[in-house]
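Per-chain numbering from 1; labels A, B, C, D, E and F assigned in written order.
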Amino acid sequence: MNAIVISAIWGVVMMFSGIFSKNNAVIRGTAVTGLALLIVVNCLELDGTSLFKVNVHGLLYFNSFSLLFNTIAFGSTLLFTLLSGRDMERVGRSTPDYFALIFFILCGVSISSSFNSLLMLFLGIEIMSIPLYILTGTDKRNLKSNEASLKYFLMGSFSTGLMLMGIALIYGAKGGFGLDVIRFGTTELTPMISAGLLLLLVSMSFKVSAAPFHFWTPDVYDGAPTVFTSFMATVIKAAGFIAFLRLFDDAFGDLHPKWQLIVAVVTAATLVIGNITAVFQQSVKRMLAYSSIAQAGFMMFALVALNETGKQGLLFYTAAYSVATIGVFAVLIKMKDYTFEGFNGLAKRQPVLAATTAVFLLSLAGIPGTAGFMAKFYMLTAAVSNGHVLWLVIVGILCAAISVYYYFRVIQAMYFKDGEAQVAEVSGTFKFLLVVMAAIVVLLGIFPQWLLDKLYFFLI
Amino acid sequence: MSISEILFYFLSVMALGSALMVIISRNPVHSVLWLIVTFFAISGHYIMMNAQFLGIVNLIVYAGAIMVLFLFVIMLMNLNAETEPKKNKWLRMAGIVAGGCLLLVLVAALKDAEVRTSAVQLVDGDIGLIKQLGSVLFTDYVVPFEISSVLFLSAMVGAVVIGKKGD
Amino acid sequence: MQALTNRAKPVDRKPMTFVERLYLWNIAKGMMITFKHLFKKKATINYPEQTRPFSPVFRGLHVLNRDEQGRERCTACGLCAVACPAEAITMEAAERKQGEENLFREEKYAAKYEINMLRCIFCGLCEEACPKDAIYLSETFAPANYQRKGLIYGKPDLLIPHPIDNPEEYQQALGNRANKQQQEN
Amino acid sequence: MYFTLLAFDWLFMIEKLVLIVGIVSISLVIAMYETWLERKVAAWMQDRRGPSRAGPIGLLQPLADGLKLFMKEEIIPNTSNRLLFILGPCLAMLAAMMTSAVIPWGGNIDFFGRAVSLQIADINIGILYVFAVVSMGVFGIMIGGWASNNKFSLMAALRGASQAISYELPMGLSLIALLMLTGSLKLSVIVGQQLDGVWNVVYQPLGFLIFLICAFAECNRTPFDLPEAENELNFGYHQEYSSMKLGFYLFAEYINMFISSVIMSTLYFGGYDIPFVNDAALAESIGVNLTAGLQALTLFIKTGGFIFFFMWVRWTIPRFRYDQLMNLGWKKMVPLALANMIITAAVILWLKK
Amino acid sequence: MIPVLLIVVPLLSGLAAFFIKQEKGVKTWALLSTVITLVVSLLGLTVLNKAANLHADAEWLPLLGSRFTVGLDGMGQVLCLLTAVAFPIILVATWNSTYKQAHNFYAFMLLSQAGLMGVFLAYDALLFYFFWELALIPAYFLCSIWGGEKRIPVTFKFFVYTFIGSLLMLVGIIYIYLHTPDQSFALDAFYKATLTNKEQGWIFWLFFIAFAIKMPVFPFHTWQPDAYEQSPTAVTMVLSGVMVKMGLFGVIRWLAPVLPMATWLNGDTVALLSVIGMIYASLIAMQQDDLKRLIAYSSIAHMGLMCMAIFVTSEQGMQGVMIQMFNHGVNIIGMWIVVELIERQTGTRKISELGGLAQKAPGLTIMLVIVALANVALPLTNAFIGEFLLFTGVFNSTVSKNSHWFAAAGGITIILSAVYTLNMIQKVFYGNTSSLTASFKDIRFNERLVLGILVIVIVVIGVYPRPFLALTQETVDTILSRMIIKQPS
Amino acid sequence: MNIEYYIVLSIALFCIGIAGVLTRRNAIIIFMCIELMLNAVNLLLVAFSKMHHLKGVAANPNAGIEGQLFVFFIMVVAAAEVSVGLAIIVMMYRNTHSVDVNFLNRLKH
């Protein structure tokens, strides 16, 4: 509850910050303060201190899983703001509003990570989505941005419609929206429940861009201003997964064997389509869009497996993936040319940028020694230990190998090819932050227990 | 056939027919108007089920505010049957077939739904009255109520950001 | 700039206070003003029943005059047409035949005399120009008409009633103004 | 006592039908005479006499006008959208008439032992119903304006719609403050409370003011008559209309004015409450039916006062500019209404303690 | 203590090397570091070879049951020694080469050494996997930045091959891990894992493909000649001398004892693959005109032999593999050094363009002939010991029914290897000098020193292999015991 | 009235909405069809709510009320969505003078 209330309040604060100060640095500072505050209050709640005594009537359920994810999401947003906040100002003039929207999104994130009723799921996802539609379209003169925004909006509301139909059918069958109500006594796939389940599955797949409902993702990610793509591809996607997992675990956990196969097929399709299409991209931004689909495939392993390892792994995966992706995007924003050729020779001009980007990409590819490896390792472990989906594991492995191809194309361009990479001015702080993030990625890769310990002890 | 059944069939035919007209009409303004008719039919259903509050709110919110906005935008853009983009014939067919298939599948699946024979209470029952709804809304559901204010705020900020001139 | 006169008054441009900006008092004042008018004496005159008195110099519809024996005075000299600034007057002259002496006073007369009332500006110059006192402006209005044609007045419309056959009508048509003039003469 | 559409009580149906016919015709007549009154008031305020030829003091003037409208040629522009062109005025008229269904016109009357309520439908959500219908009224304007296929009509229609939407908001907010006091949305209950107590305007002066201003805007009356701003938009949204279709629009406007006056009297001025008289006692002394008649008369007098006020304002206050209109609506009325609401809530809470 | 040092010294010095910008300085730094590593390795071999010194254990991932367990057994000693020896030799031999961005080059070299050490030392499956990949990444960068014309696609092929393999292995590791009694990645736990035959069967292939790609064994070898050809010679030496041993090591440590049943069942298939690979590689080697490719193919043939020996499982065979792993590393590094020397002076590696070097560079010739003879396993050279043991092992195997056939086929490859090696010596060193070799100068001191050391090692082991055999005896016994105990009688 | 009539009616409305989304290219119409879908859901929810009310009214006088509250929230969200969506559509119209969802695809290289 702390995070929900504070993020909503701070969103309002950000709205007004634009009135009281025209100085972007002050606004950014306010945002960073807010994020830090969010992290603090969220940790306080993790610790058992709830600042707001609100009777939620069982609509929300805060456990360490959701709270920990909130911390990860807020932390990623903090990193994102520190790295790319300045670039946000170049998108348009309403910086305070952008920050306000981001805080509202965070409110949605914390709701959809801790919902205990389909009503809250619906509201949380909408609060996340609606500001995002806007952020996608903030580059108002850019047709691509417009298109992305429109497409995202139409697709998003369409999937909301599907989700609502699913919810309605399940309500019809069970007579309640609470996850416990739905779970109670649901051991059979009756027609209404199965139809509802399928519709929910489809709509959630839309939201997390799992194949075959991913087709909006590349255009949207490509068209949105790069700063917001970064945010969208990380925090939002992760939150979508957390909601997805929570829904299917808490409400339909008992039916797991019945829907496992279909989710596994979706996962496999996501992996294959994401990875293979990513190979053919010419623009790094589009490549990252497809790679995010591919990574979504890996995150879905948690859903397929639906065990403790998977849950821990999903949290770890979100952290690893978010940090690395935010880093790559932060560098990408600084590039003049988004094609692979645009990165040619970056290592000579900006060795720090190139090195850190390389680390992030290695992490995304899942090379040991980086957080990405441990994340994938967890996912694979979860899937293997589930035991029913070994074929999916093999698909995952092969796709991970394919993913190396396109991630390494960037590394190749940066290090092995000659060229004049055009880079905008970067400050020392920026570089320092990148190095810190790279260090986080590596350290999490070698000592994952720094995060996992926490997880473990909260989960038990 | 009792009067409620007659009403039900009348409203249902009205809703379905006008919904079909929404997607068939070439002229966007006609589509909007047909949609309003649909909303009226649905509101009629609500009132039949004694969900008075929702019935009226449906009219106020959907027909009275949302559809006016739609109409507003369509009129401002001066969209009419001539400017209406036409989809490829085959794609259109495919869309219709897809919709029809989904209908068939869902109906076939729900044909023997577990609650199939349960009755819907029509005239009686007070839960649709504003008093009951209000008291539950402001006690058990006060958290989502407050949260929806965040939703509105963000939509407002968003609409302003998008609609603002100058950049 | 130095003001040449000291008649210019400085405009008070200080911003309005909050209370002033509410306009409440001003609106109320305005409402009161309109309300007071409800009870004021109405300025309307019920026209056909009541008429407003004309001024002594009022110039109305043209009249073609006759002399005491009822003969038309006009000799179709055309001076009125020349004098007319709006060029509203046209006429055709004709020679008086035997036996028409009781109709026309002069040897030449206007066989056709038309005034386009749509053009006429009622300036009275025709009256000034006429050497025979044949035309003068009465105190009546030109009545409305449905067609343009109908507003081109010919002799039947303009000629004054016969003073011997219809003396009352003649007197009435002559009007106050002509009578006054005659009295003065 | 909910909206009993489904039950089959023939007597009840007949009774309601009679009532509906009665109220509709009364509204029509009143609307007719409003046009007369409008012209009269305008004349008076301009030191004129107004219509006076048709009948004594021009009382037959509305009939003559109606006759003229009926006799005029029906012109439907070639480029217009025929169906919608006709639908527009019909909708406007329909929406205007429908509101009267929930208004209590007087106390019960006794009709051969049967208590007949002078209210067509006493539904649970009376005020919301009014709102729903009022918001429908916009469609008439928009459709008509758009179907004319004329720039001026379209502009006027859009103006009208945005104005109506903008002012519905503070209207609703000001009403919420009132509803907090009454605790019911039923108009009969609201009137019933005022019968015995103080009129609501005493508790809610600010709310009443806001409601009044919004009512002006909703009815497109001066100073908010931008949709018909002659000097900017020729004749407004009904520029292309003629004959009775134009008549419908004009009628709808006057009926709207009538209805909003009735609603204002009902909500804030005691409805059919006869002032300074205990209605219940009166009913006992002179009989129910007479009392109901008196009450209805009272209501009409109050309404007439409001109608006069509408006209009075029209001939006093100049028209707003469009941006001023929007500024007033969004930047002044909405916050004011919100403040009113919060203050009312606070006071209620404080008093309850 | 020793194993930790073996990993940490090159790791830290490698990271430090990134920041030493002078070329001279970084070269010296790298050499110093590798020599220290060598010293540590030798100390571990001789003075400090108590068990307490040779093992280290620390908490790493408590939740997963993975610990930082490293240790040196006999086989580890041999391979660590190989790694420790190879790097200083490589550095000295290529002392005269200059690299753009030298600091990065040497840093990556040292990092890959750390990775290799880690692979050979790890006693924990996850740790093993970690180092396995960690050795790969620096090699990838080394080849891609400093390699030949077609380096980028070729290296990428190499990388993807090995990466796919290792991911498959990861699945295998996870599967076994989940079936260990106490959910742990420790080697012992892996030995205790309970797996059905069917499970063993498919996990075997998951592991084997990873190792086979690394070795490389026949169908998975296609990356290797290209990669060797395109890499800078120093890296080729690392790849062929040390890195391919990772595959063999993996089989011996992680595959055969963990999945004895599957090893036993699939032994023949693998051996057959190895035999096909050997003959195929030898035949191709005979056709090669490029020195590097020739050596590359010969290396495939030798690795095939070792692989075959492991899978037909006998004590001599296993011993032979142990010693031959070291020998092959030493020999092939010697060969590369010679090729490097020739290429640097003449600018070509084509056998047809060379000739008559014996007159111009007698010192070089002598060294090369010895190394080449060792490569074809002439008696008195180290490889003779190894190959002899291998062949006896294969021939006497009780495990495979077809071992005789395998031994015979292996014998053919020995003959073939003699053919192409001697052919190469003859063409390059004897005959008429070509225009390219006319101005050939003999080798310099440092090169002479390096080749000298190698030759000494070759001869010493060839004459007196006992200490080596003694060193690995224990390892061989334990592994065999695991494999045989679990075998059905 | 049996619930199945309402189920069929809602699903039919819902599918008409979906078919509209798939067949039309005008962004506004697509959006309207989405609203139609939401309304179908609302209708179904209200019907279910009344069904559950009938089932559970003996135990709890407010049984089934949450279905109607959900509808209320759907309306809230729909209103918010419309404001944003129309803003986006208008923004696009300003730049392209078209509301054709395929128009922008043609701009792609």
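List of remarks:
As a convention for this text, a contact is a pair of C-beta atoms (placed from the backbone, for glycine too) under 8 Å apart; a residue touches a chain by one contact, two chains touch by 3 or more.
Note that the coordinates shown come from a computational prediction; the quantities given were computed from them, not determined experimentally.
Both subunit B and subunit E are touched by A. Grouping the chains by touch while subunit A is set aside gives B, C, D, F | E.
The chains that touch subunit B as well as subunit D do not exist here; no chain meets both.
With respect to subunit C, maximal separation of chain centres occurs for E (centres as means of Cα atoms). When C-beta pairs in contact are tallied for each pair of chains, B-F comes out on top. Put simply, the chain nearest the middle, going by average C-alpha positions, is A. Here the CA centre of subunit A is 27 Å from the CA centre of subunit F. Chain centres here are Cα averages; for subunit A and subunit D they lie 53 Å apart.
Averaged Cα coordinates give subunit B a centre that lies 70 Å from the centre of subunit C. In subunit E, there is no position where the chain touches two or more neighbouring chains simultaneously. Residue positions of subunit A with contacts to 2 or more other chains are 119, 123, 126, 130, 133-134, 137, 140, 169, 172.
Of all residues in subunit F, those touching 2 or more other chains are 3, 7, 14, 17, 21, 31, 51, 55, 64, 66, 69, 73, 77, 80-81, 84, 87-89, 91, listed in ascending order. Contact between chains, per the stated criterion, is found for A-B, A-E, A-F, B-D, B-F, C-D.
Every residue of subunit C that touches subunit D in the complex is listed here, in rising order: 27, 30-31, 33-35, 37-38, 40-44, 46. By the touch rule above, subunit D contacts subunit B in their complex via residues 2-3, 5-8, 81, 84, 87, 123-125, 128-129, 131-132, 135-136, 138-139, 142-143, 145-146, 154, 157-158, 161-162, 164-165, 168, 185. By the touch rule above, subunit A contacts subunit B in their complex via residues 4, 8, 11-12, 15, 54, 56-57, 59-60, 92-94, 97-98, 100-101, 104-105, 107-108, 111, 119-120, 123, 126-127, 130-131, 133-134, 137-138, 140, 169, 172-173, 190-192, 194-195. Put simply, subunit B touches subunit F in their complex at residues 4-5, 8, 12, 15-16, 19-20, 22-23, 28, 31-32, 35, 38-39, 42, 45-46, 49-51, 53-54, 57-58, 61-62, 65-66, 69-70, 73-74, 76-77, 79, 84-87, 91-92, 94-96, 98-100, 102-103, 106-107, 110, 113, 115-122, 125-128, 132-133, 136-137, 141, 144, 148, 151-152, 154-156, 158-159, 162-163. Looking at the complex, you find that subunit B touches subunit D at residues 3-4, 7, 27, 29-30, 33, 36, 47-48, 50, 52-53, 56-57, 59-60, 63-65, 68-69, 71-72, 75-76, 122-123, 129-130.
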